[in-house]
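Below you'll find a set of structures to go through.
There are two complexes below, and they share subunit A, which is joined by subunit B in the first and by subunit C in the second.
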Partner chain A sequence: MTYVPVLRFCQTYAVLIMIVLLVIALTLLSDSFLTVPNLLNILNQNAPLAIMAAAMTLVIIAGGFDLSVGSIFAVGAVCSAWLALNVNPYFGLLMAPVVGLLLGLMNGIVITALNVHSFLATIATSLIFKGAAIVISDGRLIPVRMDAFTWIGRGKLGGVFLSIWVLLVFALILTFVLTRTSFGRKVLAVGGNADAAILSGIRANRVRIATFAIAGLAAGLASAIATSRISMGQASAGTGFELQAIAAVILGGTSIFGGVGAVWRSVAGVFLLALINNGFNILNADPFYRDLTTGLVILAAIGISSAGKKRDH
Partner chain B sequence: MSRTIVVAMLMSIALSGNAFAKGKIAYFAAASQNGFNQATYEGVQEMAAARGYETEVFDGQFDAAVQFAQVEDVLASGNFAGYIIAPNDNVGIAGAVEQVIAAGQPIATVLFPIGPEMNSLEPQVPGITATVASPPVPGATLQAEAVVEFCVDKNPCNVIILIGAKIFPFDNLRLETYQTVLAQHDNIKVLAVGEGYYSPETGLNAMTDMLQANSDVHAVLSNADQQMAGAEIALEAAGYNVSDLYIMGGGAADIAIEALREGRWDATLAYFPKTMGALAMEQIANAIEGKPVRNAINMDFEGPVQALITKEVLNANPDFEAEWQQ
Partner chain C sequence: MTEQDVALAARGIGVSFGGTSVLRNVDVDIMAGEIHGLVGENGAGKSTLGKVLGGYYTASTGTLDVFGERVETWGPPEALARGVAIMHQELQLVPALTVAQNVFLGIEEQRSGILRHTENIRLLALMEESGFHLNSEDRAGTLSIADRQKVEILRALARDARVIVMDEPTSSLGRDQIDHLHGTMCNLRDSGRTVIYVSHFLDDILEVTDQITVLRDGDLVQTVETKTQTKVDLVSSMLGSETATTPFPKKYRSAKPAATPLLEVYDLCSPFGVNGVDLTIGAGEIVGLAGLVGAGRTEIARALIGADPSTGTVTLDGTPFEARTPARATDRGLVLVPEDRRKQGLVMTMPARANLTLPHLRRFSQRGILSSRRERTQAEETIKTFQVRPASVDGDISRYSGGNQQKILIGKWLVDGPKAVIFDEPSRGVDVGARQLIHEAIAELAARGVGVLLISSEIEEVLGVAHRACLVDRGRIKQQVMTAEVTPADVLQQLFKFQSDSSLDVFA
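And then the complex of A and B:
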């Protein structure tokens, strides 16, 4: 009986437990790990993916999957770079989230209008979006070496990268929306039991469309930050981000079946995976073991989480 | 009656493309949405047009199995007189290449040889028409020796190596070469080896991480300009004046040539994809027409300028332009 609270704690906070264990291990292995510059570096590098994972949380809680966010990221990257070069750098940065929002909205409308599973629909739209990114960029890099463009990716406020502030504000807004607003309750209801939600008067399709629009907005925002940081737009940007974002959401503990989850969990999931990459680079370790280690860490997190669930049953 | 014949002839011309072309050449790109492959194809197209051939490009999508199937499909179609391939898997594709050779058709490889020996340009698949490539080890040796020359008066001379990816055999060869050459000099210390995956973003992240654990960097040695472009941003963010460091890229893409002309970088090992494509096409046309063929062409000696491009080389060749955009 005395083990029950411990197991429940493990189940609830598996991702945080793994982060703490990794931080301890990396601190013991390298003097360079637990330093303010390196921690800010990890947060800065992974802020775009964390922003996307935060928004993906809402999509998954509402019972959907968005496999097109990597391609939306690519469209945002080439659009912002192209507009920065040919119109105005600030306008380029501003338009990336706007384009992302529009593409996300398109995803939601396609899914609900055609009444197809989001998994299939977003595979199709991801190809369309990726194709658009290639056409816009002609398959080439678009370098934008302008201070007016790179400030959001490289600038700091109070000694902290702007990208981290953006992530913090974005994650807090989404947390507030999910936990303190009627829209958030509708997202949870639609994901938990769509039929019951509809019977209780919730317009489930509108809720789903909104979650995909938010995911698109997040992908566009993330692309603006990442493109600004490397001062370069490219159609291959964001490749694989959709799976990394989904992995982080699930690893964080949000239910793959919808109805349950939290934004902070997904952000934590991103940083759990980020610690492994950072550790390998800092320790100058053989990258052949990176995937093996990542898999073992994910397995450990799942193991800790499921230990609590088994006890519950 | 004669009007019917003219219409039939015009329709035949329209359906078959250029009636005056000597034949159609298939170019199997490693991936068509890629600056390097696009430049190679431009070279193929220009030479093909000059020699009176048509061309068609096939997108290998950086997938060895896709490319293998494409070669078989195109061969089965019987519509092509010659083949040029930028292999995704230089060993695995040999089976498809043998089928083309068995059908009596000419085939050339660009960028990499077909066969297990990456440094040999001599035919490893009997009957292959031409190998137009840059062997990895001599190029990597040139790069590493340039770093050694920069380090000659520094002790220690701290070097960071940024390699494409260790999963690629050609990058492993390059990395081994870098390490072997640099290890022969006691004053040179390799601080770290990172993977850039030919991406500015990955190069930036890898270099940022490595700079957390390493300081006082004097030189960065990279096999690819794309990842070097990202690493440069990380160095600037860490407070380095990049112009003071020795920066070696690879590829001679437009961003590298611009960086060299501006004095930010010091050298890049050149690839000349457009020239490479043109030379491969020339050999295929020669083979079809029964003219002499060069079986092995080393691109380190065939470019418009020398393979290791520095600012001095560019000053001596002010009209030189990068052959590809990334």
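And then the complex of A and C:
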């Protein structure tokens, strides 16, 4: 009967096990993989997505889905660039997360006020936000070549990119929120059994709204970093990020039915996807197989995390 | 008796979950054409044995012969193919489909994969034959639990089941419906089928079964003929000692119900069938709500705490309670222990500790940060008070027995000294020991000055625990009685009288 604990262990650490295997394989196959610059680069490049995936974890644990974070990212990008050019670069960087937070709040309010599934509501708001981003940028690129704007995306602290520090701090805060605060407990309860949570005196709608607001904030923060790095705001930024973020969360073993999950595993999920990408690059493998491989890895992860669940019905 | 065929012969059956053995070395013969009762305390393994016999669980060890043939693989499809069907405690229907579609789910008549939509006609024939009557076009989700059970039975009959396992089928039924179900069981038996009846209601088991198998802590105690048994016999073999207590819990009463009204309700109405309820509960008083199934007792409770929208005035502890929501009710100290612990009561994805503290997070946190030490201390205390097994603060409650889940559910509400507590079916599906603990907890609450509203389908429970009982019919309180002055038979008769009166109203 050691089967169940072993399975549980694999389900919890599947994403780590896969990362370790991939790191070993890539190290053996290429000399340029296990180098500090390469690893820091992977982390740096994927920090914005990882920030979004970390926040998406809370949304999914509370039983929701947010398909609009890619569009919020776009709004954040054009807003911060526009404000940086026309007002002040620091103000531009600051406003991206604020705008994201407001849009996320709007998502949450729409979902709870209309009482519709978040999946449907965020498909609609995603188009609205995307449209707003196009209107704000007038369909053009907004270049911001100012050091006061690009420092957060390109700067380093102690030899490590600032973006990695931001990710680290953000993920730790969310982990703390989820595991140690009463808000985190409410998120787990609402996702695990909304009726029971409501009858326990929890204002479930407020909890759901808060998770969407956090996802919006994260998308805005991610867009500030990414826009600063490329010193350019554009409405097409962030396209497809929502699905990558959701894929990473699920890769990390967070249940799509809500109630169970962990922030660090979603961040690990982002890096697993990134490592596959990086592997294709440094091995000069045929990029035609990249999507196929990524899809197979996600399928395998889902398979592991749902194994043994049939009995629980 | 000796000439009968053996329908199911189990030898050396053992089942374990996650390393915990819940059934050990059980031998049992189920004869064809009998009603066979499975009894035992909660956690004794009666439900597990029923599920093994019905093909829902596979035994870890042992063998099973079905109508004389050894079975190798044993799961729901194999069981159905051999004529064994199971009716679950938590009924498993597709709510969006009609009665007929549910009954014939998976066995629809078809031509090359295209449905012929003959389910309604086939259902009519089946209902004619079995004596059940339901509207074939109703959606399963809109039916009462009793009607859903009928759908489950029809489903088994539609598959030509020769053996039907019924797991706690009466736990949500009123007395009249239980009698009806027993009639059905006898019909099934008379037509040569076998019924395996898992229940903790010993009176019911004694009334209708031919043989009874008693389990204790996962072990077989004995299989006996029903006519040789009394309730006291059964209880003592279930508990394993001749010093077993009375089958019914002792009556607990607080010394003196105070005269000051704690909860006053005037003209409470909700769109879910509450039609003008007036009610007063004093501090330290236990008031029972008795009624037949569908009388609207649960709906009254939901309207009171604001889980359903409602009109009317509620005054709690002297101040009006307006704009009712469950969150505000919890803040004010008016709490509901809901009847359905899986759906409304517990968050199965969280451990015991997190469930116990869920309504009181503010008490266990400072500026929003939880103190897990304080949580653990509280959880340990509650687990000890209610003797929850397994006694682990981080236990996975989805694997607990029904009785232990119920203890967690009730315990979670008593953590933070509420002013008034509504118990909806607090002892449903729990064994004698847990029941006594729960009743003690209710009496102790009242002794501390808490007002209690007790909803139960068991009139004996209402009369045994409450000081005063309100008889409910169609969302109204029709009569109030002092529980010391009436017998269960009086109350039941009165309730049936209300019901026939109101059916007269329909014709008037």
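Just so we're on the same page, the second predicted complex is superposed on the first by the 296 of 313 C-alpha atoms of A that agree within 3 Å, B and C clash if a C-alpha of one lies under 4 Å from a C-alpha of the other, contacts with A are read in each partner's own complex, and residues count from 1 in each chain.
Everything below uses one rule, namely that a contact is a pair of C-beta atoms (placed from the backbone, for glycine too) under 8 Å apart; a residue touches a chain by one contact, two chains touch by 3 or more.
Worth saying up front: this structure is predicted, and the values here are computed from it rather than measured.
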| item | value |
| --- | --- |
| Overlay on subunit A: subunit C relative to subunit B, clash or fit | fit |
| Degrees between the directions from subunit A toward subunit B and toward subunit C, using C-alpha centres, nearest 10 | 130 |
| Touching partner for A:Thr211 - first (subunit B), second (subunit C), both, neither | neither |
| Which of subunit B and subunit C A:Ser231 touches, first, second, both or neither | first |
| Partner chain in contact with A:Gln45 - subunit B first, subunit C second, else both or neither | first |
| Touching partner for A:Ala189 - first (subunit B), second (subunit C), both, neither | second |
| Contacts of A:Asn281 with subunit B and subunit C, given as first, second, both or neither | first |
| Partner chain in contact with A:Thr125 - subunit B first, subunit C second, else both or neither | neither |
| Overlay on shared chain A, then closest C-alpha pair between subunit B and subunit C (Å) | 33 |
| Touching residues (chain side subunit A, partner subunit C) in the complex | 1, 4, 180-186, 188-189, 191-193, 195-203, 255, 258-260, 312 |
| Subunit B contact footprint on subunit A (complex, rising order) | 30, 32-33, 35, 37-38, 41, 45, 134, 139-141, 143, 154, 226, 229-232, 234-237, 277-278, 281-284, 286-288 |
| Contact set on subunit B toward subunit A in their complex | 32-35, 38, 165-166, 192-195, 199-201, 204-206, 208-210, 212-213, 226, 229-230, 233, 237, 255, 325-326 |
| Subunit A-touching residues of subunit C, taken from the complex the two chains share | 16, 18-19, 305, 307, 325-327, 329-331, 335-336, 338, 343-350, 354, 357-359, 361-362, 364-365, 368-370, 372, 398, 412 |
